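Going in written order, the chains are labelled A, B, C and D, and every chain counts its residues from 1.
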């Protein structure tokens, strides 16, 4: 049986989270007003909440001060039913703890801890376990693990999950790796909340026991993501498989092909402010934007 | 012919630089007094200068505020003949410029720009060139490129060097990649200063045209590194080859095997303050320390 | 609508295939009798057929002559209801065609074409498409693509599948990559037969449209694999999810941890002849074998 | 002191070897006459010998029968002063031994053993050491190790060299990895013959103790490679550095940019038969050939 405290987190983490992007102008200046207006638009969706300062939020491209400004803007703009997580993982245990404190003060409900990876070759299971546990113990808010080998080069082992998922303040994990989600679900303590980190495997993830997803596609197209969540939770195989395939196709054309810059371009097309990523991350070329627009219209998810 | 301005940088960058480590206590607290005493000891060596906030300085494990505290401590303690570079490369152009300003205000003579790598797959030659040029233009101090694929996963292309080495404020490069240094020397504009980023290929690098090196081995053993520099500059093949092989052997047993933690442990043995790395980077185990001590004594570079 | 010819292949490829191992003695000599007795035991299972000369068959560790001896032994021993595929992919188009001919003469029904990877960096989509099409055209038997980036370093792009899946003699694909199967199903022409290359994602693969699997686990434990196939085909979510998790756990302890050597050790425990892999691939140590036995008994799939 | 037997191998391996390419027509058929005429042209050079069936010989794209046909053609055409090595490394110890026997019967003086890499993750130091020793013991001819991580994904450790370099039938090593040659020289028993596997680091390799090189550049331009060998052996720093840089530049434009296909195209331009590589390895496009021709003429090594 899942303890009550764990059940509360599980309920809060169940559903679709948008990993919100950070708006910049062409010169790389932060546009907090655009951040607020994006959130206000998303508030009317069925989204469970927002992940601020994630990979799609370009958190490592911001100063710590800017990170907190972004977080504050989101917290102030979010409707009260939305759950707010913030990326609080730095390269050292010490700085991660510091950022958890700052994020908590600024209103984040959960911290998300990317695996430190600057010294990737030295990040043994033992080192990672100690890191996660120490940060969790010192953090004023509960934390989630964040596994993204495409960025970090580190695939979290199931042994790490097995060990830390029983910690009362390590309540879940966002997994953006291809093909490991079932193994993590299997290794985790009952009640630990697994979130799919990509629309590519959201439906199958839900069928295997994930409680939700953090989907960049939800930044531009929240509704079909929430619809797929419902189908997954209800185990509606035929309709779910069909929508999953459509969203997989869509996701490949947006995030798969272009990463954060593509997500932002899709947001611009879908009525949000996307804008350019911060240099040196390049924006889409005009030709790429044109092709993306055509692809999105052809998909049916964007009205022509 | 090399312009006078370029010649000045080349002279300043010629020789051995120690990429100084950042001292912590067991809990990960910064020990600025230890930083100062290490520098005071190194001041009496033949070192050309110090690289503060590099990979061995665990710069990404520090908050920006801490980074500046470390830099200040080094600047205040360094003798006036030592040239001070500081790691000023962040993940975005915007933040890198900000840190170059802070570093300049705190007394750094040169900034060292690691290739941004969080979005490694998107770091095309064009993106990197724009990044380096924009930072250099906005920086109050000249900059060096820093190529370290072992950490970043990005091997800078010779096309990038060819393009940016003619920029008046991009004056050199520290190359820690295995086997690319000659190609970078070949691609660079005359006068551009190439620094070997490892003792492993320091002697051959000098023979092929490098002007110096940034050698973690110099943190614990500055004198033999400076000796090897002299032999390289003078083209003394037999003696140089012999010392290079000895330092290669030594370097493999310290940095090669153990990374930053090994460099720090060797410093402890050699009369400096090394101390533990900052978590989650693990320190050497007692057995590893014992073995390291035996290896260093056997090498003859450490007195038993 | 799927053409009749395509439908026949789809029917033949639907179900579980065992990627049979190649038996050796301690000195690396081929044991064809053991090959035959293994097949005779497997004949009574619900397996759809056998993949001979795959990765688990250590095909690249055999001479071409030995490869054909193994294939002949399997063909002679297999009951008539089992479909036989053979690994026929070599590093060149020329040699792959030659081996397809030999395999056809020796009774293989389908050839399996691994992506050539010796010159991995040059294997563009265009090069791969030309290779697959040329081999298929010249081959006397239809072929399947074989995608295994863990071995080859090459992840087949969806563009390749899109292009070649309409070829009448390229009838399916075995995908051993983590996380790409849904995308391949989406990209393929209707009727193209996708086979999951690992028990880890067999159930979700079936739910998303795969027609079967080539599962090393089936070498030692064919029945639960066939049971999972039935659950997947019928869309029985609860029971299927449970069995998938059990087989995932089992698979991690066998193939995940130990690769081919583990599969062979599990076969020895399950009443087949596994024996050692061919050197230099190391066998399990006695301690590893002991632990494996305990794990398998604890799993419930091996009787103590 | 180096034993006499060892000294004989060292003498035979000292100098420049051309890793000869295998000639094909447009359809991938072997052209043994072209093989012979290339060798006859190379016979008049200062080359120490030929490596047949190496990476540039596309050995893995040939059947074993074809491999022996190629070897025979070279042995028959080579002048008696040329030393002939043959690539004899297969994926298993068993097959490698078999090929060593065949190569010896067909006249090869040395076998070259690439690290098996199909099961790369399992190729521990211990596994590799056992493989090399067992093959050497059973081989009728002495062998060299072949380290090429760019192809195999495996970087041989210095511990392997340390262990096997004292074996009387393991007489040397061809190292194509970037940046490890000095470490291998340091780890090897005195008398063990190290050969640089690329023109990129041939001169510095010689200065550090290598006895020669296996240089794809020598397939098209043997004379400047032999000239660089002389400068390296004599320690003529200034002239050597200059020629090294020129050959580095040349090598980057041929092999660096285009691999085997580029080496073959350069051979065509330099008066040999290069021809296309075997599919699926793609040949140069007409535009690439044109650019290569311009680059080679601009380099001064090809007469316009």
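Remarks
By our rule, a residue touches a chain if its C-beta (ideal position, glycine included) is under 8 Å from a C-beta of that chain, and two chains touch if they have at least 3 such contacts.
Just so it is clear, the model here is predicted, and its values are computed rather than measured.
Taken together, chain A and chain D share the touching chains B, C. Distance from chain D peaks, on a Cα-centroid basis, for A. A separation of 35 Å divides the Cα centre of chain B from that of chain D. Centroid to centroid, with C-alpha atoms defining each point, chain B and chain C lie 49 Å apart.
Contact of a single residue of chain A with at least two other chains is seen at no position. The list of touching chain pairs reads A-B, A-C, B-D, C-D. Against chain D, the residues of chain B that register as touching in their complex are 158, 177-180, 182-183, 185-186, 200-201, 204, 207-209, 235, 237, 241, 244-245, 248-249, 252. Residues 28-29, 55, 58, 60-64, 90-95, 98, 116, 118-124, 126-128, 130-131, 134, 150-151, 153, 259-261, 278-282 of chain C are the ones that touch chain D when the two sit in their complex.
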